[in-house]
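Each of the next two complexes has subunit A plus one other chain: subunit B in the first, subunit C in the second.
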Partner chain A sequence: MKELMQEKSMAFRIGPSLFSGWKALSHIPFELSRRRAQHPCILHRDDEEGAYLTRALRSCLKQEGISAVSLTEAMELPGEHDSIIAAGRGSVQRRAKQLAAPEIPLFSVLSDIQDCREAGRDEGLRHPDAVFIDPASFQPCITKLTADSALTALAVCTEALQQDRIHSLLYSIVRTGLKFLHQGAPWDGSMESRLCTANACAAAALVRSNSPPGAVTSVSEALHASAFCLRSEASAALLPPLVQAMVNRQCSSLEILSREIGNGAAYILDILEGLRKPSGCDARQSDILHFAFNTFQTSKKNHAGQILDLFSTIDEGAQS
Partner chain B sequence: MGTAASRIYLSLLFWVTGRAVQAAWRTDREVRREFDRLPDLFSFRLSVYPSGPGLTIMKKEGTVRYIRQGEEGPADLHMMIKSLSHGMSLFTFQESTALSASRGRIAIYGDLSYACSIVRVLDRVEIYLLPRVIAKRAVKRYESPPAKHRKRFMIYLRVLFSP
Partner chain C sequence: MTSGEFFQFTSPQRTEAGLQALDRLPNLLRSLGLSKPLLITDMGVRKAGLTELISSILQASGGMRFADEFDSVPPDSDTGTIADLARYWHAGTFDCLLALGGGSVIDTAKAGNILISTGKDDLYQFQGYDNIPGPLKPLIVIPTTAGTGSEATSVSVIKDAERHRKLAFCSPWLVPTAAVLDPRMTMTLSKAITAATGMDALAHAVESYIGLAKNPFSDSFALRAVELISKFLPVSLKAPHDREARLQMLTASHLAGIAFSNSMVSLVHTIGHCAGAVCGIPHGVCMGILLPEALRFNLHRSASHIGEMLLPLAGRDISLAVPREEHPERFILALKEFRQHIHELSENTLPLRFCDIRDSMDSPVMTPEHMILIAREAAGDPSRFYNPEDISEAEIHAVLKASYWGYSLDQDLVKKGHQK
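== the complex of A and B ==
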């Protein structure tokens, strides 16, 4: 019987404190005071999502008599601040991590739209001290974007399972991420499924901090950067062959997942199937597969072995 | 509910709960047993961060007293509710003390075993103060004490008229 890696020695980067659910933002004044901070600076995206998060944040701080300076990510930080609260996804979180000195508390306020990097260490930068996910601060639902975030989280979690030497701490977070994604179905834009997505993305960010990105994530990001398709479209196209490859080579982590829930591969594919429609990922799947195959089959850079392994599975599937 | 209204509601509730703990110590054997395990001169404070309403209970020379706000000193055990809105969730009985603690809404400064004793006392007091339907939501496990209605009457009398 296959077991998780015996932890004679291991490394695991513990992430931020996570406060999720209704009234999660109400934790912020206390958490600031615990870190001896009284003058936070709010850094937010200059869009609707940023506006919604900031409005909820300001009202919550005001209730406890804390005034905060509010800036968009392009602005320079003022001199007088003793903490940073970054509201929104992606670039604003990266900017806040770059700006925040190690001794300054950094908080992240996130919604259901994430890149699955925000709550963790992002390319060598620090992780936030605390992450707050409060449905009361979510903007009106854009189902496609939520499904997009969920697909990215699914890709990250599935890829972590691909490693045979996964240890039990990392496995438990992967499992938690997958559980949140499964709970989120059906992806109908309800607050419950959006909160599940946000939690799954936070779990995926922790997974990313502790596990190198695999073929699907690398290829998806490359295709996204080349503007050929969205990251989620690429993930949706590449995940089924990845899962098939894991089944073919009897991946031990997947077998352990199967022991817990029945059929691990079917569980992952179920989540994927539920996400396809709301994310609108069906249409260009074959195009994406061909483009990815042609572009990366000779790749000798990072993860060359994994990528070729994955694409040989795709190729066999295409020939059959 | 607005901030001012929440403060008034919580102040009133803390006053009733504080005096009810004092009354329950006189009336209920289980509550008395919990306090017997605590050391003499032990004080406990439950308050809302940062300067919200609160209650302080002190065990001194074998008796348990509710201390009015403003007259209290530093407490051996301080349970701090992190915000007014969290306090409202707890004291409008939308969630139990145990659930609130598990959601990280209460910060505890002091000995955790004493905190467990105090939570059991508060649960017992809530069972006396509240109707069954509401108390079931407020406590972890509802156990109807013997002679509940007689003791409830005594506790209410002592809350209102005892010095």
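== the complex of A and C ==
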């Protein structure tokens, strides 16, 4: 029963309440009043996504007679507010986590475009108290960005399974994330598919809150930051060798997954295969491998072991 | 659940788990800015030396200690105990509650925290769903049984001393601030308690997975709990000092607690709570006895969900050998086989039928009159609304009677397939 052993000691926390599905936004007024908040400040991205989410948000607050100031993430918070609702992906959520005083309720309104950090604790910052995902507030479909988010979530969940002694609490969240991703097929831009992605990204953020990012996630983020490629392109290129390396060393967490769904590796690669086309990831795969290899093969900082492990698998694959 | 359907999932507490998890208690308290805990426990826990162990861990970490101890929680705590606890708190200076014990101690701490934090002395106004006005005082829970999962739930159930019934409180504010799962706390449990509390955890997981408020998150927690219980409850009984098995059972109970705190429990608990209140039968024992026939009652409504639990309970070989359409029935059979196995490993201390539970005069503890009363009470219990199928008083009586004698529920007695 080696595969069910746990770490000697572990700390785990989910944190936020998650409200997901049609009408999820309509729960916001009640959740504000439960926390005795009446004057929310909406912080939103200064783009089309932010505009969509904010419009939907304002209308549901208005129905309950709640008025809210709204600002873009670059602006200063007004003095008179007793709660913050951050709308949109990435930087706006991080900004809200930095700005919100500990005693002030912080809500996140998210769509299917996420970087898989929003719903969780982000590098030591607080987590939101509640996360709302409502397809009614999603902007018209941008399939490529949805697929980018889904691939990021896939990398986070897969990498958490690398731990041989994965804790059952963490495993349960990973399993939920992978299930949402699997349900998201065929990635046709339908609302159901996009909602699955949004839920999977939220699950991945909770995974990230409780488990350090692995090599693929870190490499993908570094390549993304260097503007070399999208996270999803890097994840799509690096996930197959990662999964292969997990199979080669008979990764026991992958075996747990396999007990539930047949073949854990095939399950993950299946999701990946479904995402390749909408994300448009295939074309530059060899470039990405090359770039990642050159950039990270000498890395001695983080993940050095994992990265070398990953690239030796890529290398073996290339030679065979 | 179909994609797009609304769901809500909450699990705010911190969890510290591990073979030596309690060693991290001092740091946990410090990180929460707490230094004056009021320990809430019972005499059994004290006699087992568990308070001493925690006291020494705190002492070793810069001389921390309990600010005071309230150790008079009875096995079946009631409104009187809650009032005593609140008075005790207000007479001292504390900054948090530290509950060390099983379900009764934890539920007492939770309900006591309502009076402590609101400053009120009447519990009745807070009963039911979401009637607690705001955040409560920090509550750290160290469970000493692996079954109730109460350290992870938004629920507290206590006895109403005046009206002789159960009072239930359900609010997200009731979820404890943190839980510490350390197998040193459960290693000395008797086989009878290990078995019964294990069946309670199994009932939480199973009922969560078939309940009307289930969601994809609670599902993953429930399925994992079923698998862990299937593997580690037998080990905990065969080798009570196996720390890994004890830790896995604490984890399973915690997972099942998170699951049912989100999806609620249904028929097994509806009847079980009333049977416990009327006849004084331990909660876990009621769960083990009622599970198979309560599931059979729901079979036509929840077949696919019941079938999906065959794999984690019975393993891959059985799951692959049985045609998929037979998985639901096979799960109920596997559940009975598992229960029989636990009964034997517990040296026959886990009763399999109500008729086998006898008092000191060798008379059945549950009489036919009791069954009528239990069915009536259960029919009025709000938890039945979470059951996949509507159930009448007569049908509850039928499930109870089948569980009393240990026969299979007559399918002609139950409804078939109308939409709820």
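We take it that the second predicted complex is superposed on the first by the 313 of 320 C-alpha atoms of A that agree within 3 Å, B and C clash if a C-alpha of one lies under 4 Å from a C-alpha of the other, contacts with A are read in each partner's own complex, and residues count from 1 in each chain.
What we mean here is this: contacts are C-beta pairs under 8 Å (C-beta built on N, C-alpha and C of every residue); 3 or more make two chains touch, one makes a residue touch a chain.
Everything quoted here is computed from the prediction, not taken from an experiment.
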item: Clash or fit (per the criteria above) of subunit B with subunit C on subunit A; value: clash
item: Subunit B versus subunit C as contact partner of A:196, first or second or both or neither; value: second
item: Touched partner set for A:63, first subunit B, second subunit C, both or neither; value: first
item: Which superposed partner A:291 touches (first subunit B, second subunit C, both, neither); value: neither
item: Touching partner for A:29 - first (subunit B), second (subunit C), both, neither; value: first
item: Larger contact residue set on subunit A - subunit B or subunit C; value: C
item: Which superposed partner A:167 touches (first subunit B, second subunit C, both, neither); value: second
item: Partner chain(s) touched by A:176 [first = subunit B, second = subunit C, both, neither]; value: second
item: Common interface positions of subunit A, toward subunit B and toward subunit C; value: 19, 21, 23, 27
item: Partner subunit C, residues of subunit A touching it in the complex; value: 1, 4-24, 27, 34-36, 135, 167-169, 171-173, 175-176, 179-180, 183, 191-193, 195-196, 199, 203, 259-260
item: Partner subunit A, residues of subunit C touching it in the complex; value: 3-21, 23-24, 130, 134, 172, 216-217, 219-221, 223-224, 227-228, 231-232, 244, 247-248, 251-252, 254-255, 258, 311-312, 316
item: Complex contacts: residues of subunit B adjacent to subunit A; value: 3, 49-50, 80, 82-86, 89, 103-105, 107
item: For the subunit A and subunit B complex, residues of the former touching the latter; value: 19, 21, 23, 26-27, 29-30, 33, 63-65
